[in-house]
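Scrolling down, you'll hit the structures one after another.
Both complexes below contain chain A, partnered by chain B and then by chain C.
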Partner chain A sequence: MGPTPFTTPSLSRRNLLLGGAGAASALFLSGCIGGSPAPSTETSSAAGDINAPLTLQSDLSDELPKKAMESLVAGYSAHKLTMNTVATEQFRAQLSSYLTSQNPPDVITWLAGSVARDYAAKGLLLDVSDMWTGDGACAKFSPALKALSSGDDGKQIFVPTSYYWWSIFYRKSAFEEWGVKAPTTWDDFMAMNDTLKTKGISPLTCGTGSTAWMASGWFDYLDLRINGAQFHRELLAGKHSFDSAEVRKVMDTYATLIPYFDPKGRSYSWQEAATPLINKKAGMYLIGAFMTSAFPKGDLDDVDFFPVPTIDPSIPSAEEAPTDGYFASAKTKNPAGTKDLLAYLAAPAQQQAYIEGAGSSNLPTSPDVDTTKFSPLVQKGIKLLQDTKEITQFFNRDSSDALQTTADTALTRFLDHPDDVATILKTWQAAAQKIWNS
Partner chain B sequence: MAVAPALPRAVDAPAPAPARRRAKHRWVFHAVMGPVAFLWVLPLLFVIVVALRSFDDIATNGLGSLPSSFTLEAFGTAWTGGSIGGALRNSLVVTAATVVLVLFLASLSAFALSRYKIPFGRAILLAMLAGNLLPPQILLIPVSKICEMLGIYDRLFALVAVQVGFGLGFFTFVLYGFMRSLPAEVFEAAKIDGAGELRTYAVMVLPLCRPALAALAALESTWVFNDLLWALTVLRTDTKFPITAALLNLQGGYTTSWNVVAAGSLIAAVPTTIVFFAFQRHFVSGLLVGASK
Partner chain C sequence: MANVTSDAPPLAADRPDDGPPPRRGLLARRGVTSRVPPVIWVLLLVPLAVELFWVFWPAFNSFQLSFTKWNGVGAAQPVGLKNYRTLFADPVFHTAIKNTVIWAIGFGGLSVLIGLALAVALNRPRRGVGIYRSAIYLPMVFSLAVTGLFWRVLYQPDGPINTVLAAIGVDTGEHQWLADPRTALAAILVAAIWRQAGYIMVLYLAGLKGCDPSLEEAAAVDGATAWQRFRFVVMPQLKNVNTVVFAVTVIDSLRTFDIVWAMTRGGPYDSTQLLSTYMYQVGFSLVNLGYGSAIAVVIFVLAIAFIITYLVRATREED
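Then we have the complex of A and B:
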């Protein structure tokens, strides 16, 4: 797509006006100021320009993470680097237009897994395989992370820099007040739910209102505990049916939890749902470690968690650990500089600086990060993920945003009408099939 | 819409009603409208209260609870951390440039269309009107791609160009109607006195159109200032974002500091409020452009 042929001299005023709307006036105006010519199709794709300035497009718009990113950017001196921060939802919507634009940002923050893989399949992402071998920045990362960062063709297209864990969070002081202990078996867990309920406390808080995806947290975990990680991955990949006996078993267990949910949770967002937990009107919250950002700073020491208890001991343990990081645009003008920046961001010192600065409960992906200074909560999280046999991410990250929508529809309906499970699963499978087929 | 503005018209004063009946009417009016007005202001009050609370208070007691803290911290955070200051400047630049450009271009084209016989004049006018009926959403991708092709993507100029392009049709149409209603005798007089086209436009038409131009300037400045869609379509760099897009950025990926968002919204509302009070008269007359002077 070259620039539109510009035939001003012969263009009569009438034609120009007839041309009508915005396009014509935009053309006209740009003609007036002699706008810089559009960059024609890349002439310097392979070698690139080692001196070209770099752009980092970031969706980390929360206050502290943004500040942490800004200091990382300030500390990078090898190339001229500018960072743009755009709020996640807009970022998500614009991501494909960033990547397909003629002058895309060089490095982009995003999620590992299927989204990155889809863009890689379209040839939009820079191949960073050399960073994963020899003494590359990612060479020492775990094989699980490498598999997660690989495209369908086996090349690495992602640089993971942090991840977090999901668990059931609670307040230590609240558990003491109520005289209960973190359960280790499923039966203990259900018994505790009963105890809390008789005390007039909602055992489980949930925020499935404006953040309907929260309902997938319990679905994922129950599937991991009942059917195992292998089945869960295959289910999300379309190799099993949602309308199957295995999933039905998951839903039956899910149904036994519904009476223990805070009834108001259906209208909360995940963030609002933290409030009952904070003021001790609700007992527990199955959520990712990012929930600590919704807690008042002074109460953070009071937060603890326990993993979702085992249901079937014959199933290997599995936890959800969504991974975040960076990928780079295949169209970058400065591939060498882009990789240099990625290596800088993935280095242990920067990972540590980010995690400390962001005040998040994220875990580093590099084994060389000194974790001794992290909070006890984060240390416990690291141990949880080290000890578990299998790691999955989250429903949408293991499948796709499209499949997540089908899950949101099915699961929110299920929460309202648990008796309709048969029809809900049938509809869910039909909707999912359409997405797998497309 | 097309009553001669130069002719003073007697105001239709309501027939004087008996004093008692009027008093009763007034009482009923206040009894009904008071609660309605309160309902209307309620969301605004809510935002003000949220902006004055601390994050910990909101997290502990919930967004909808009564405040148990008072702090102006959120305003500071929004101003510095959320770079609301820079965004306000961007918005003001874009708004001022758009309003001046669009009114200048629209008045020129309206002048030409209303006073001269232009071939296909009516078709041009209808095309401009029809363009306004298109929902802007379907043009997002073309506009974004065209801006990229022209090399103006991600520049404030692109936003101004797009806003001018989209405003032009509607403003030409309104000004056309207004200029048509100017009495032909004035133009004949100007011609006899030897004024050329440009002089007629600058010295006669523009001053006569002042009420219409003021009303349109007031409307356009609030429209452009409050626009989010086009800003997100043609801009990518966060330092170039206007206030609306910057407000969105205050909303975090994980947590949202509602107090900071509320404070930012209040800061963002200040310029439009000033424009409203300064041009209050013209907002009303904007609805009656041409009906009275």
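Then we have the complex of A and C:
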């Protein structure tokens, strides 16, 4: 008998087979299945070592934000501090292992809202309530931010340092060329869509290809304008059905917008979908203020926005303002040092330095930041959020990433087949129910 | 004709690359244990221990996890067969299974056919044949993720593919290859085959180099047509390569992940979801590790079933 036909590659191929098929399993190596239960108290960390070095885990891996974070870290001298930067996707996947590890990072960048609340409920986050009272670093932040940063038990577990707004962005020079003005009513908005379309311009652009979550932007806003923020929050919390008359009304309005979307947006990411807007081939873009990072530096003065117009005047105004910041691990070896670092990061000077360094259009959460030097666009954003009655975040931040995938499937299908709305909503509700039940 | 194979000498060139002699042969010899020096045992047992720890133990964990509900935090809750029951009723899982089958057949079948055809066409020394071979093999040096990004640009609505199609007067409707559920999977398949065919070609070229040309000449003298010579003289000699190609192809198609993730992330609305991408989405994007592990177990069972069946058959024929 000769050598088996599988000779040389057998070793590596077998490894590939087992390793490849069980790709997931390799990462479960830690073998903590059914392992130590979640720590439910913070007593172990209450008496820490004030001299223990600190670790900051950051997902701000884009060039400018990363640089801005590095200079903040370099400016911190009270404790020895190391920063690890990990790309967001990987960061998201590993976040729970950071928090449950024996030696967790002390301070972690992340999003306020449901994710932070879930970790807090499991006892994984450091209680930072004392930073929100007296002369604590967050004491002067707005009550809305405080509510957003609180766990289910009313304790604060999050330190917000910046947020941004969503609106319909456009180029001032393009609107001038086309002879249109930012609309203030829904009817004006729809009329303008018609005007632009007859000029051969795609009125709206939206990158729902590789960033399918962009389709939730319009869904959120139409729900906020038609059913209001209260209903929207309850809907995302599972208290209403997606297969309801209210949501059907939202989808019917959404359907009237579909003819105005640039159809190529179905293939684009949010960044790519900004190109038609920059080139004046598309008129408007409902997106977060982070879109300015996709704009050429020289054209930034030309960017302006208007809020999604009111549809039903009886509904209180609401805007989406996703909030970013930090939370800390309950298991930190140095709770006092950790809070000191959080206070440093939340201080007006650092907020300002970060926003300027990162080149973002984010807004500071501290009222003490001198915003007079910020661009007129950002000033307008601050005013928008100050004047609005209700603030929500975004679909996934107000619910969960799992619910977001159900929305992505339902809404991208809807954009292709608006006539199938009845089936789509039924399937959406079934998929969402599965997540709420689990 | 059939005994041509068994008469053929074992050919070193059948293998794509040279490596250490197979372990199997060493262990199979009788009475070998007493004569094996301890250092050999160390060299055998250390890799075994490493493999047990790094491959079998995590695989076992994955099996265990598939019977639990776990989001990576705290203790996993045992849920029995619930994950599997949910899985078999999950419409996305059905799409993923269907797509994986389409993928295995499309990717496996086409890349082998094209690879073999290219190998046969480029086997004879000819002027500039080396350039063709290198050019066809070249895509293999890119990772699948890079291939995916590269093809994503080609498939853009205003991208080169639509420009060329419009220039020659076909499909002026600016088709959105990756955004249309009817074409998305096929579009990814083309990109994956573009890369894989060169690899298969190199494997077959190595095999063809080992074929005895005198056999083919003899068959030609006997009046066999070109197809008959290929089918009954060359193909049997490629048997060993076929086994390698089959194993490589099945494994590669079942573990295909990066190119789909880079091009569509399983979208639009889950229409290009493969088992591997769905497993990743559930397990790592949504951190639903129990459910994700159940999908991983399905992938594992499929891969093992395929490979074992084929290996058993191949070894039996060998005897």
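The rule we apply is simple: the second predicted complex is superposed on the first by the 393 of 438 C-alpha atoms of A that agree within 3 Å, B and C clash if a C-alpha of one lies under 4 Å from a C-alpha of the other, contacts with A are read in each partner's own complex, and residues count from 1 in each chain.
Simple rule for what comes next: a contact is a pair of C-beta atoms (placed from the backbone, for glycine too) under 8 Å apart; a residue touches a chain by one contact, two chains touch by 3 or more.
Note that the coordinates shown come from a computational prediction; the quantities given were computed from them, not determined experimentally.
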First, second, both or neither for A:A245, with chain B first and chain C second: neither
Partner chain(s) touched by A:D408 [first = chain B, second = chain C, both, neither]: second
Partner chain(s) touched by A:K264 [first = chain B, second = chain C, both, neither]: second
Chain B and chain C footprints on chain A, overlapping residues: 1, 3-4, 17-18, 20-27, 29, 33, 35-38, 89, 97, 272
Contacting residues of chain C [partner chain A, same complex]: 10, 15-19, 22-25, 51, 54-62, 64-65, 68-76, 78, 86, 155-158, 174, 176-179, 181, 239-240, 243-244, 247-248, 251, 254-255, 257, 264-265, 267-270, 276, 279-281, 283-289, 292-293, 296, 299-300, 302-304, 307, 311, 314-315, 318-319
Residue numbers on chain A that touch chain B, as the complex places them: 1, 3-4, 14, 17-18, 20-27, 29-30, 33, 35-39, 57, 59-63, 65-67, 82, 84-90, 94, 97-98, 101-103, 105, 271-272, 274-275, 278-279, 290, 293-298
Residues on chain B engaged by chain A in the complex (per definition of touch): 55-56, 59-63, 77, 81, 109, 119-120, 123-124, 127-128, 131, 134, 139, 142-153, 157-158, 161-162, 164-166, 168-169, 232, 236-239, 245, 248-257, 260
Chain C-touching residues of chain A, taken from the complex the two chains share: 1-11, 13, 15-29, 31, 33-38, 89, 92-93, 96-97, 99-100, 119, 122, 124, 209-210, 212, 263-264, 266-267, 272, 401-402, 405, 408-410, 412-413, 416, 434, 438
